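Common to both upcoming complexes is chain A, partnered first by chain B, then by chain C.
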Partner chain A sequence: MRIGTLKTDYAADEALFDTGLQKCLLALALAGAVLLPFLASPYWLFLACLCAINVASATGLNILTGYTGLVSLGQAAFMSVGAYTVAVLEIHLGTPFLLNLLAGGLTTALVGIAVGIPSLRVKGLYLAIATIAASVVLHFIFSHWALTGGVQGLSMPPARFFGVTMDQPFQLYWMIMPVTMLMVLGAANLFRTRVGRAFIAIRDRDISAEVLGIPLLRYKLMSFAVSSCYAGLAGGLWAYFFRVVTPESFPLVNSIFYLAAIIVGGMGTILGGILGAIFMTMVPEVLKFGAGLVTPFYPDALALLAPVRTIVFGALIVGFLIFEPQGLAEIWRRIRRFFHLWPFKT
Partner chain B sequence: MTGAATDVALSVEGVSLSFGGVKALTDVSFAVRKGLITAVIGPNGAGKTSLFNTISGFYRPQSGDIAFEGRSLSGSAPPERAKLGLARTFQNIALFRGMTVLDNIKLGRHAHMRTGLLDALVYHGRARREEIALRAEIEERVIDFLEIQHIRNAPVATLPYGLRKRVELARALAMRPRLLLLDEPVAGMNREETEDMARFILDVKEEWGVTILMVEHDMGMVMDISDHVVVLNFGQVIAEGAPAEVQMNPAVIAAYLGAGELGRRLRSPEAA
Partner chain C sequence: MTRKLTRRDVLAAGAAMGSGLAIGIRPLAAQGADIVLGGSIPLTGVFAFAGVGIHNGIQDYLKIVNDAGGVGGRKIKYVAEDTGYKVDASVAAFNKITGQEKVSLYYGDSTGFSKTINPELERRGTILMAGASFATELNDPKKYPLQFMAGPDYSEMFGILLRYCAREQSGAKLDFVYSDTEFGRDPIAPSEALAKTLGLNIVEKIVTPPGSVDVSTEVLKLRRANPDYTIFHGYVLAPIPEFMTQAKQMGLRSKFMGTFWSSDNSTVQRMGDVAEGYMGVMPYRYYYDADGNSPMLEKIRQMRPEYQSTAYLQGFTTALLMCEAVKRTLAAGKELTGVNMKAGLNSIKDFDTGGIFGVPISIPGNSVSVGRIYAFDSKSKQMRPASDWIRLGS
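This part shows the complex of A and B:
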């Protein structure tokens, strides 16, 4: 248990990780992330990479939807912009992958700003519809433009880093994991400063945000830019990971997947984006495992997997909305609070 | 009014505002003198909150002008007015419910900070320095002053009403305002909370030298702490002056109690 706050200056109180336990857990997680590629099988590494990509994208959506309160169903479409940018650059210019990723992020940020322009006038459901419209437009462009390879899409060569070809989960892990970690750290930092606070202010009470000197349109567009930049980076990582980008790689269902991830994880918390994305990525795996267990007794189990998966996703969203609207992050906070006073109060 | 331009913080001149056929304000003129507490009173629907929203920049008046320290505010949006030093609180508390008290108050300084998006993502150098300086300033100037140390880390949603009002005042003070607009600062408060708030408002005036313009229904408090009172009725200024004068003004009494037979009978036994 924690007996008190023993900080002596404001810098310590403003730190991102302020308790010893938090620092220990963080160190453990980092050590785990470094050791994982040497211990896990390629399949588990594949899953870890997929989780990391989804964490990056969900964190981006969380900035826009969870923190700024602007509901977007365009996250998958934004990812496709990043993925195509990276694929085109890799195929035609062969520039280093970090540069391509950055270009993917920036291009997507510009697209995000354009999509975000209606957000000053429309909110909530209407904005969500506007972002769906943007997704449809982007899908149309990608499936008809020669540069993006039409319906066939693009297949791209693997990334190279100092002569190492990154085509196996082991190498890709070292690209995807650090980038995701930096992105999450950036998001966490953002909400320690005036910019992040302005986003939350717009979500909670836009009128008083204005009175405090926060220009709404500028900050809403900034939120769109950051969020879609994150989506673009995640899309770029995705492109390097799968190396085939088609218009069907990022269907609207994926946007709903990310929205579900932040609802399940906890809207408006960094931890929520991480937990939600990992959870939602792992649910199909758990189901697959479960189906494997019942196959001896019920041979059709594997065939039922796809429809069951959709039902389970739906049930999870509804269940979390009703029983745990603050998501997994709130469960984690409850556990922490319990141990703050343990064993004196149980 | 024109002669004393130097000590006028805010001048409202001939402001008219209407929504369709409804006239919210008709040719409203008055001046808020520097370093004093000016109260705007009037019955419900008199246009007090409309007046505040016009001063904050949410409504654009059809005619007339509002000048702050000699400089016209027409055409500037609420965020720009915030930068000039106009702060306000709302009648129905407009705090950010999802944030802690500290974060709410920190938002008050938003317009005076310079951290950009890229600084924020890295949280190094300027962003870090600015945040820590901000924290120190808020702790030492605002939180101590309003005696809310014990709730600084509490989420706003868990606080009782009276404290929320105080946090909203804190947020406005964090803006280092030159003119503070308070929309019903003690509405819904009990005696004790009202007295606390009145004391804070007087302290803000005296220690911080901030000019205050407030709308308030609690006549006891208005008469006790304000230096100048403006009375609105049906969107028009019907009287202004020192609290004692206004209290005796027949037009004001009529506006509050009605001018008919009933009003006369209600007034007569008391003799004000």
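This part shows the complex of A and C:
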């Protein structure tokens, strides 16, 4: 049983990971992340990259919705801004991918600020509708602008890094995973700063936050900017990953996917965004193995079980909302608590 | 013959699945001499209405081939995954299947997937791919050298419709109604140019959101234009019935037409009473067509006594053409590479598909530019031939 964590200096008090066990687990996770590309097949690497992109985007949405309390259904549209920016820069200028990603993030942050302006007057469902409206406008622009290739979109060349063409999941993993890790680390640290705490204060009660001296205008727009920047970076990674960006690459249903991810994972926790995105990405794939299991005995299992799989996935989400409203992060916390207090009961 | 499922089977399968799930351990593939046809198939999602038919069509054709001894003595093994009609899931399925099997043929579910996977197809150079998309963009052998489509592309479908209109009524007035999607906009620009050369007059173009319901404003535009022919594209069903209902209520005498995905017999039946006279362009004979000599349709009817959709025929025909490409490649003593199989496919000239296409076909590029106009007869509740087979470029 752990009875406490002794901290003898301010550095220890500020540390993100404050126990030996946490540091060990982190080291193991990092080692696993480094070894994964050498052990996994392209299929699993593809899924790992997809999970990482979704984690990056879900973390961005978590900053806005989970931490600042501003509901957005525009995350997919923000991703499309980043994806198009990266694609245009890669096709027309051929600039380095890191620069393109940064440009994608910054451009999306600017768009996010513009979209966030209504958040000063409206919130909740009204703000969600405003972000949907912004998505429609962005979709219209992308499908009618010659620079973005109209409805056919853009096909872009792969990223290159010191002469290495990054067109396979193995190479792309080394681009996507580190960027996502840095983004998640950045988000985790954000909420240990004045800015992050201001976001939380706004979420908890915006009027009280204003009374405390937090300028709502600045901080709400800042939250939109940071969240959109994350979406833009994730969109940029997505563009390098698939290398075809069309107006239909980022439909509204993707925004709902990210919102569902942070709800299932646990809103307002960094771990929740990570777990939720992984859950939403991986569960449909893992459920496919069920059909694979039955196929040797019943050849048409694929067609028969495909709709069942969709129903099971939906039921799992509903089940989480009912039985674990705090999300997957809460389950993780309970597990941790169990081991902290073991052999005593929690 | 069925085999009883034992506890040992379940345990073995569970162990296999567990080890498959363990990262990095690839399930043992049945390599042998089988030729593998992989498929990213939309069995769920918005395109499931077609995906199930496509899946059955591919399976049925491969059953016919395998029962007859395979292609060059080699069986064709079909390995498919459901994609939900999402590009990321389709690519995941591609990676999964190609990671487990030595895939030579692949069926893709969408234009987005075909475009996304194209660089990977070229990099591998071992796969010939076709799919559910008839996008004009894909009908470019230079940009998509290892892909093809088992029918005309959308612009060619419009080409067939426009030639029919020009033959029926010189200088006819036309209206294009299409969805504001990549699918909907696909054939519009080239078809405008073609209409001019055929002496047809496009009096209006109406763009709607996909699947829109309230089209009263658009129907007013249609009434003002008063076209002889109205061609829908980029829809499966809605808003076509609403358009036709309101237009007929307003007394418009325009004839209504559609392209492949809105011309399945069961789809047109669902349009209701207004479907009478609705015309569609179709590269294949319908399931029930008894005119002419069509032994392959007869086989299909024996295998499946109930009506099979045009999506089924699309999957069936795609598998047929893929197998023919493999057969020609093996007969030439060449290795089954993407380039060789595509060359085998392109060597198809005046080929009889057993009556699925109503005329012998040739595939000099990425498409089969043949089709016929069918019109709905509400008495028999069937799409019936309204024209001869029309070949483009002849």
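Here, the second predicted complex is superposed on the first by the 322 of 346 C-alpha atoms of A that agree within 3 Å, B and C clash if a C-alpha of one lies under 4 Å from a C-alpha of the other, contacts with A are read in each partner's own complex, and residues count from 1 in each chain.
The definition used in the following text is that a residue touches a chain if its C-beta (ideal position, glycine included) is under 8 Å from a C-beta of that chain, and two chains touch if they have at least 3 such contacts.
All figures in this text were calculated on a predicted structure; none of them were measured in a lab.
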item: Side-by-side fit of chain B and chain C on chain A, or clash; value: fit
item: Touching partner for A:6 - first (chain B), second (chain C), both, neither; value: neither
item: First, second, both or neither for A:125, with chain B first and chain C second; value: neither
item: Touched partner set for A:194, first chain B, second chain C, both or neither; value: first
item: Vertex chain A angle, Cα centres of chain C and chain B, expressed to the nearest 10 degrees; value: 140
item: Comparing the two partners chain B and chain C, which touches a greater set of residues in chain A; value: C
item: First (chain B), second (chain C), both or neither touched by A:222; value: first
item: Partner chain in contact with A:146 - chain B first, chain C second, else both or neither; value: neither
item: Chain B and chain C, minimum CA distance [Å, superposed model]; value: 30
item: Footprint of chain B on chain A - complex, ascending; value: 10-11, 13-14, 16, 186-187, 189-190, 192-198, 200-201, 203-205, 207-215, 222, 225-226, 268
item: Of all residues in chain A, those that touch chain C in their complex; value: 36, 39-44, 46-47, 50, 143, 150-153, 155, 158, 167, 169, 242-244, 246-249, 284-286, 288-289, 291-293, 296-297, 300, 302-303, 306-307, 309-310
item: Chain A-touching residues of chain B, taken from the complex the two chains share; value: 56, 58, 77-80, 82-83, 87-88, 90, 94-99, 103, 106-111, 113, 115-117, 119-123, 127, 130-132, 135-136, 139, 171, 175
item: Complex contacts: residues of chain C adjacent to chain A; value: 3, 5, 9, 13-14, 16-17, 20-21, 23-24, 26, 41, 43-44, 48, 52, 55-56, 59, 80-82, 84, 87-89, 91-92, 95-96, 98-99, 112, 115-116, 119-120, 123, 137, 180-182, 185-186
